[in-house]
Structures are given as structure tokens and as C-alpha cells.
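Structure first, then comments.
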Amino acid sequence: MRSKFKQLGLGLALAAFAGVGQLALAAGKPDPLPIEEIGRIESLPASYPEDWVLVDEAAFFSMYGGKVIIMDIGEKEHPKRMKGTMSKAMLGSFTQSPKRGEYYIIESFHERGSRGKKFDVLVIYNKQTLEVQKEIMWPTDRLQSLPEKFSMAVSKDERFLYVANFNPAASFSVVDLETREIVDTIGTPGCVLTYPTGKRSVTSICSNGGLLTTVLDKNGKLKSRKRIKPFFDTDNTPIFERPVIVDGKAYFPSFKGLMHVVDLSGSVAKYRGSWDMLSDEQKAGNWRPGGLGLAGRDDKGHYYVIMHPDGAEGTQTHGGPEVWVYDLKKKKRIRTIAAPRWAVSIGVTRGKTPKLIVTNGEMNLDIFDATSGEFIQTVSDFGNITPLLIHKSY
Amino acid sequence: MRSKFKQLGLGLALAAFAGVGQLALAAGKPDPLPIEEIGRIESLPASYPEDWVLVDEAAFFSMYGGKVIIMDIGEKEHPKRMKGTMSKAMLGSFTQSPKRGEYYIIESFHERGSRGKKFDVLVIYNKQTLEVQKEIMWPTDRLQSLPEKFSMAVSKDERFLYVANFNPAASFSVVDLETREIVDTIGTPGCVLTYPTGKRSVTSICSNGGLLTTVLDKNGKLKSRKRIKPFFDTDNTPIFERPVIVDGKAYFPSFKGLMHVVDLSGSVAKYRGSWDMLSDEQKAGNWRPGGLGLAGRDDKGHYYVIMHPDGAEGTQTHGGPEVWVYDLKKKKRIRTIAAPRWAVSIGVTRGKTPKLIVTNGEMNLDIFDATSGEFIQTVSDFGNITPLLIHKSY
Amino acid sequence: MKFLDRLFEKSARNVAQRSSRRGLLKGLGAVLVGGASVPLLPVARAAAPAAPEHPVEEGDPASCDYWRYCAVDGFLCQCCGGTYNSCPPGTEMSTITWVGTCRNPVDGRNYVISYNDCCGVGQCGTCLCQRDERDRPLYRSDKSNDINWCLGSKSYVYNCSTAIVVGLAFDQ
Amino acid sequence: MKFLDRLFEKSARNVAQRSSRRGLLKGLGAVLVGGASVPLLPVARAAAPAAPEHPVEEGDPASCDYWRYCAVDGFLCQCCGGTYNSCPPGTEMSTITWVGTCRNPVDGRNYVISYNDCCGVGQCGTCLCQRDERDRPLYRSDKSNDINWCLGSKSYVYNCSTAIVVGLAFDQ
């Protein structure tokens, strides 16, 4: 049926065009606009400009429609900001391999929307065409939660992808990015998430306040496990599970502003102690870190974190009115950036003139010069409902 | 794995409860709150109150998440308004059988969100439990468009369900609601939609400005076809494809306010002429009908339609600032109801004290007393993004 | 400041915060199982009617500051066609979940509240309530409301959250 | 008044209406096929470069009042990672579609515009534009923008709409 219509349409379109030359001639006007090509699709550069970011739109009000939106947050003209989109259904997770030029999304579906068999799929995208390169049907339940940067990670050499599972037994699966096959699924009893460690290890954070490092062999299979003893109390001195990694060290602030340092540069994680993020005065005001994607870093290795005053039990997830910037070597705050429309999550772009991106209380993006703290613009109206994580581009 | 956790949880919950009696005794306080049942699900009455309506939420910004929301629009307290929800993916269509106490939704899916094989499913719901009774995989492409009341219909005796298809060849399928099987799929060349006609006929509206009635036999299979000659010019004097049916007659206003009447009470549709909805003065002001679900009726048979001044080519879909009410027998406007926040679609509840529901310009629902025109309340914040059709309940 | 509340100007819901930190449930494993506990229920039901003084609570179960919601993060089923302890029609109640410990202001006791999600259909989309008191990150999954707890139900699609009394806290 | 424009206060887009009614395309069948017309294109391309005077247009293709959008109803691909006549990365262009007849204000000619949808991924969600001039209900499917024209593509999921010149209107 369809091909029949195509033939009909083609014939008629040709007939329509046949009249063009005559009309132009008769009127003495410039030639009419040419008939244009149909089917053109845009593509993206192999290396994205520094101001481009990938926004994890969790779509909390309609989770079927989650997506990753590629945005130029430095662009002043709204229509030029959005560069492309990938689907990310039911709180899907996103990560990327800069070297391979690939994006990884693991997402979930039921056969019929909210009904029928549920299954998870890992999808590999080409970053220039945003075309699906491969879909890998998942053998278990991936970890499905509010967006977490470390529910997926790539190994240092970008050979392996680690994906957290939770059903509610916790494990992670290892995907060989060369062969695009799952090579192992490894249990992490009582521990979750996949912090990339050393060359081929994965560290997870545990219900006892310690860590678990899973060491892989060169093929990505389980080689050994090592538990790191508890360094915090999950009830009374909890830490955020969302570290920022700088020079091989992972920085985990506690709810109350004690910064724990974990060395992930070797084959097994090592706890490196803690330091206080707050002065006595700040403590008196109950200043605390908090938010969802609450922290980030720039290429200088400076640490950015959302802070709020009057902290109390329950405020840890609610964001704050300021972003504080720390020199991690000096263990010292070096500046503060006011977030007048509130901050729930943040991101920092790469390069010498980094921008700070703040998901504000209205779920729009406020853009600041990360060095001067100067407000640049608000980016909104790009299909954003709950843009809860901001990823750097490469 | 899961059953193991269940056992653990059960044991611990029992242990927790064991302490209750002792504590109460010791404190001399009233007994503590009892442990509550887990797993209770609400259900709805067999016959809904008159003020309940079914809102077709098209979810134009995230079509995967379309739904039908059952709302008590007379209720003053927000938390008591929403009664239940059914999914309706990718511009799904909705209709109902009052006698059978069933709802019908035909919706579309890809195997993986926006990728993989696409398929359509007809879903039969029980109106009290909102549980799926049966899913029928669809043999062709249903008509997928902005919400249309007559893309589905039930026969007068509620034995058969008619569902419009479009791929882009137009047809409809007949479902036997007794056996819940498809009995026939019947082509309607150049004609679309399913206006129920007589006992077992279906009338469609055609690209030549005429109609086509398909007569079915007692088993729901094609018996004969009859074309009704054109009564309007689809280019120059177009009509809305959204009739309101009163006493077996379908009322189709033209874009410019000429009301065409089609008798659907017999086995074949009959054109019954037209009458002018507008006075000369109203015509001078270019008052015209317009909107999406632009018209409705009450149990007295009065006709409600959204009107706008300064009509022009293109304004026909944009809604208007007033609802006009007509006595169809007298062919006369009997009152006007101002819609101060604009009207895009309307619905009218059943019963002796009908309410007029207006989907306003902010995509909230403004509720009016349909008889007095008095504004009652605005209903918002119920997951509404694009609530484009309002269905009566039974 | 709860970020999701600020999403839609449409929402007029004013979500007050309550501090309800006394009474900490200890000793549970990684996951508390809320559902399918049929053998448990007769015990509870038998105890309650025989009590000389009726157990009491007060407050508005459609309001985010209702006492049971101290650790909630989601849409309140009370506004979605369900109630504070039952699911809307056409959904199912999750069998595994997270718990909080909330203080009933009437009797001063701390109760273990199971926040069983209702699953299926799609997100309810109203009465969003984010309290998060004693909510913990994913590494304490028994207390983490960031996880999609429809995990394990027939439908993994989150609709709304209930708040069900499942016991008294141990360390009161 | 275009109802979908008023949806989100976030959207600052001011959508002006234009009246562009001259030039009515007649005689097409039920459906105009926009895509896969490879044999057609060399004709167009050969004619254009040889023209003594260059064909011209003006206006902002990101604005709803751009001349080509006279019959559009949807998200403008120009804002979605595509352009007025190309699709965003990762989507595909529909092969069947509806058409409008719009007047190019520069040369005064009426052109047939094919509103090929870009399909896949999900709705773009910005630059919503509803003009609907000479849009007709479903019974004139060749001119109806209420239909999901991703019908027939690999993905039936609507992302955004382009506006492609496919010819001059007959009855100019």
C-alpha cells in the first residue's frame, strides 16, 4: 500500500515542479527556490566544544520519557542550544567513553509500557551520529534509582564498562567494549555502585560504612575481592555516595561536612583519612553540603559543592543557596558562588574557562563563570522537567 | 533471592511487633497503633457519580506517558479529586461501554521505547478495578492522531467496538465485545473515523466532502457499503470532524458556523441539511467555532461549542473565549458562558445539574455550572500537561 | 527547601518540614520486606480491637507534614486515588520497600513506617512530598528512597507512595 | 490564540500569526509523499545553480512566523538540533507527510511545503509552533497535521517538524 502512495506522490511532485521554469520566465522574477533534499540528518563533531554538556533529564513526572539532552550552555540564542537527544527510559543511567567516542545508556522497559515482562537494555551510541550501535539485553536487574553518576563507569583504559545491578541483591556486570559482550556479573554483597579503581578494579560502598574493591583480571573477570574497613557510621555520620575523583582520589563529603578521602589509584581502594570542610563559625550556622548531583570539579582539580545553612536531618537532599569551591590540596575553601535561584545539582565544564552549571529550584539551568562566579545566563525551555545530573562533554 | 529477603523481613517485623504490648503497658498510654494490612488496593463504584469525568491526557510533551485520569471535578478538596488512572501510550484512544462497565484503550508501543518493532494493542479495562481484562494485539496500524472521540465507538447495543485504522490506507476493525475477538477489518477508502450508526452500521467522513456508511451483519462482518454524496467542500467550506450526537442526529459545524445535520439513526447515514449558527452581526465579527474537543452536549440535548471572534484561516484549532449553548430543535443560541482563561476543549457532565468542563489556555480545567454559567472552580495539578479531551462518566 | 516541590508553579502545596528523629530502627538487614506478610496481620488485628483505649493519630494524610511521611520522597497516594495506606485502583503495592521511623505526636511513640510504593500505570504527578528524614544513600538500601522500590513488583513503574505502620521502633 | 503555546510559562516564544492563504494546492491525492524522491532531486538541483538570479528568502527559521511554517503544528526542528529542513542527530525523517502552501514574501510566490516530521528519541519539547493555515481535519489527510506522520517510519515517535520546499503551487 505504501509504495503505491509513494509512486503517486512522486508523479505529482514532478508535475508540480514542471511548472516552475515557465512561471519564472513569465514573471521576470528571480528563479524560484529550488526543490530541497528530503531526508537530511544532522551530525555532531567528534570532539565537542567545551561549553557543551549532557543533561540527564530524569523525567520524574513521566519516567518513560527520560532522556539525555546535549546542550551548548554557552550559546546565547535559545534555538541554537540543543544539539541532540538520546532516550533514557525509566530512570536510565548514562556514561561515556571519550576515547571510543561512545555513549552508554542502560534503560528499562516493560513489553507494554507499564505492563508485561520487564527487561533492561544496555545501548551503545555513536557520539557523532547519536545512532544506536548495539543493544545488549541485560541478564539481571540494573540498579534503578534517581540518577547516579557511578551506577556506571568505564575502566581507566576505556576497555571495560561497569554497570551496577540491584534486585535487591547487589552486583555489577562487566562489558568488554571491544567485543561488546558481557564478560562477568560479580556479586557485591551489601555494597553498591561502581567507582573505577586503578587499572581494572571496581570499588563499591557498603552498608557497614566500609568499601569493597573487586579486582578484575585482564579479561574483565573476577580475580579477587578486598573489603576496606568501615570509616563512617551509616546511621549517625553518613556520607554522600557521590564522590568527585581528582588525581586518583575520591572525595566523599559527609552530611555534616567532613571530607573523607579514598585513594582509588591502586588496584585496591585505600582510606586516606578526612578533613573538616567547615570553620567553627560555619558549623555554628549548620552549613552543610547537600543536593542531588551535589558536587563537581574543574580541570584545575578544584572541587565544587552545593552548601546550605541551617542543616538538619532530612535537608541533605534538598540543595542549597551557595556553591563553595575548595582547593583540595590546601583543604581550603577558595571562593563561594551564590546561586540565587537555588541549586539542586551542579556540573562544571572542562577547559581553561570552565562554566558552572546549576540545576536551580525551578529545574532550569543557571550558568556561571566558574572562575569569577559571574552569572552568565539561565538556560530553560529545552524539554527540561527534572534535569537532575549534568555531565561534562568530551 | 527475593523469597529469602521476604522471610527475613517477616521475622524482623514480627520481632518488632512483639515489643508493642509491653511498651504500652509500661507507659500507661493508650495501646499503640495496630500494624496495618499491606497490599490494599482501592476500587471504584459500578456507577460513577455524575461529577466524575475521564480526562484524556495526551501528554504531548512525552507521549509515552499518555493517560486517562478519572477525576471528580465537583470535589472542592484537591486530594480527593483524582480517582484513578489508566495508561494510554503514544496518543492512545479511549472509549467506554456503560452497560458492560468496561473501558477500551488502543495504544502503541515500540519494543524498546522509540526503537524496535512497533505494535498496537487494544486493552479492555474493568471500570471498577481499572484492571486489564484482556489485551488484543492489533493486526494493523490504528489511527494515531491528536485525541479524537470517534476514532473508536461502541455499537448501540454495546455488542461491538469499532476502531479506526490508518496506515495511510483507512479502515476500521470490529471487535466482538462478547468473545473479545476481532471479527473483521473493513477498508474505508478515502474516509476516516467511526461514527456509530443505526444498530450495526459505521459512518466515516470522506476526503470528497461526503460520507461512507459501512453496514455490518449481525456478526459484525461487512454486509454492504453506501456512499453519501458530498455536502461540503473540504478546501473551501470545511467542517469539523467532531460531531455531537443528539437523538440519533450528528451535528457537524463548519469552520465558519454553518451547522450540518446528519441522521445516524437508520442503517445508513442521511444528510439532513444545514442551518446557520450565526446572526449577521456575529458574522460581521467573524465569530466562529473552534478548538480541539470543541463541542459537547447535556442530557437535555443542548449543544455546547467553543466560539471565537476574529476568525481567520488557521484559527479553527485555537479555541476561544466563550462557550455558546444552542437549543438544537429551535436552532437557536440560548446562552453564552464566558471562559475567561480561554477554552481549547470542553466536556459536559450528565444528569440534571450538568457541569461544563473547559480545558483552559494553561491546560487546567475550569469548571462551570452548565445551566447558570457560574464559575465553580479551577481543577489543576493532577498530572495534567495537555488534557485535550473530556469524557463523561457513567 | 525541597527541590521537586518547586518544579511547577501550578503546585500550591506548601510542604512543611518536621523533625522526627527520635526512635531509630536498628538491626534490620539490607531490606525490610513490607508485603505479603499475611501471617503477621492476624496478630496485629487481634491486638487492636481488644485494647481498652483506642489507638489514635491526627493530622491530614494529604499533607506532606503528616506524621507518617517523615522519610517519604514521592507522590502521596492519598491524592492519587489511594489513601495513606492503600493503592489507587489498577496499581499493585510493592512487596519490598524502605522504612522510616516517625513519631506519632498523639501518643509520642516512634513507629516503623513502611513506604510501600504503588506500582503500575505511570507517575501520579501530584502531592509530591520530599521529607527525607533519616533517609540514607543507596548503600543503606533499607533506608533509601532514591531506589525505585517497584523493583520486584509485576510493574516496575512507580505511581505513588503509601506510609504504613508496620511496628513500633525498638529503641524507644 | 494557540493553546499549546500557553502551556508553559517557561516558554517566552511569542508566536505571531500570519495569513498566507493565497496559492492553494489542488489535485493531490490522499497523501503527498515527501521522501525517497531521489529521481526528483537532480532536476531541482540542476535548475537552481543555472538560474541567472539567485532565489531568495528571508526571516528567522527559529521563529514560528517564518514563512514556511504557515501550516505547521509541532516543535520546530530548528531548535532541536536540526534545521528547518534537516533532522536532529539520531532521528530519521518521515517519508510520508502533510503539506501546506505558503507564500514566500520575498518573491511573492506560493510554494508547496512538505512538513516532514523527524522521528525517534522522544518529543523535542521546545519551539512549539501551531499555525494551522489551511490545515484540514483528518478527512483530508494530505493537509492534516493532527495525524502522527511518523507513521511509516522505523520509529513512530514524533520528535520535531521540518518545512521543506517541494515545489511551486499550481494555481498561482
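Letters A, B, C and D mark the chains in the order given here, with residues in each chain numbered from 1 onward.
Everything below uses one rule, namely that contacts are C-beta pairs under 8 Å (C-beta built on N, C-alpha and C of every residue); 3 or more make two chains touch, one makes a residue touch a chain.
Quantities reported herein were computed from a predicted structural model and do not represent experimental measurements.
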Is the number of contacting C-beta pairs greater for A-D or for B-D? A-D
Relative to chain B, largest Cα-centroid distance belongs to chain A
As a quick test, compute the distance in whole Å between the mean CA positions of chain C and chain D. 50
If you average the CA atoms of chain A and of chain B, how far apart do the two points sit, in angstrom? 39
Taking each chain's centre as the mean of its CA atoms, chain A sits from chain D at a distance in Å of 34
The distance between the C-alpha centres of chain B and chain D, rounded to whole Å, is 29
Show the residues in chain A shared as contacts by 2 or more other chains, in ascending order. 2, 5, 61-65, 87, 113-115, 167-168, 383
Of all residues in chain D, the ones touching two or more other chains: 30-31, 96, 121-123, 125, 152
Residues of chain A touching chain B in their complex? 1-2, 5, 59, 61-65, 87, 89, 107, 109, 111-115, 121, 132, 135, 167-169, 383
Taking the complex as given, what residues does chain A use to touch chain C? 60-64, 90-91, 108, 110, 113-115, 118, 141, 143-146, 148, 166-168, 170, 190-193, 205-207, 234-235, 238-242, 291-292, 308, 312-320, 342, 344, 359, 361-363, 385-386
Within the complex, chain C is touched by chain B residues 2, 5-6, 8-10, 12-14, 16-17, 19-21, 23-24, 29-44, 65, 67, 70, 77-80, 82-87, 125, 128-131, 364, 380-383
Seen from chain C, its contact residues with chain A in the complex are 1-4, 6-7, 17, 19, 21, 24, 26, 30-31, 70-71, 73, 96, 120-123, 125, 130-142, 144, 146-148, 151-152, 154-158
In their shared complex, at which residues does chain D touch chain A? 8, 10-13, 25, 27-37, 39-41, 43-45, 47-48, 51-57, 62, 76, 78-83, 85-93, 95-96, 104, 107-109, 111-112, 114, 116, 121-127, 152, 159, 164-170, 172
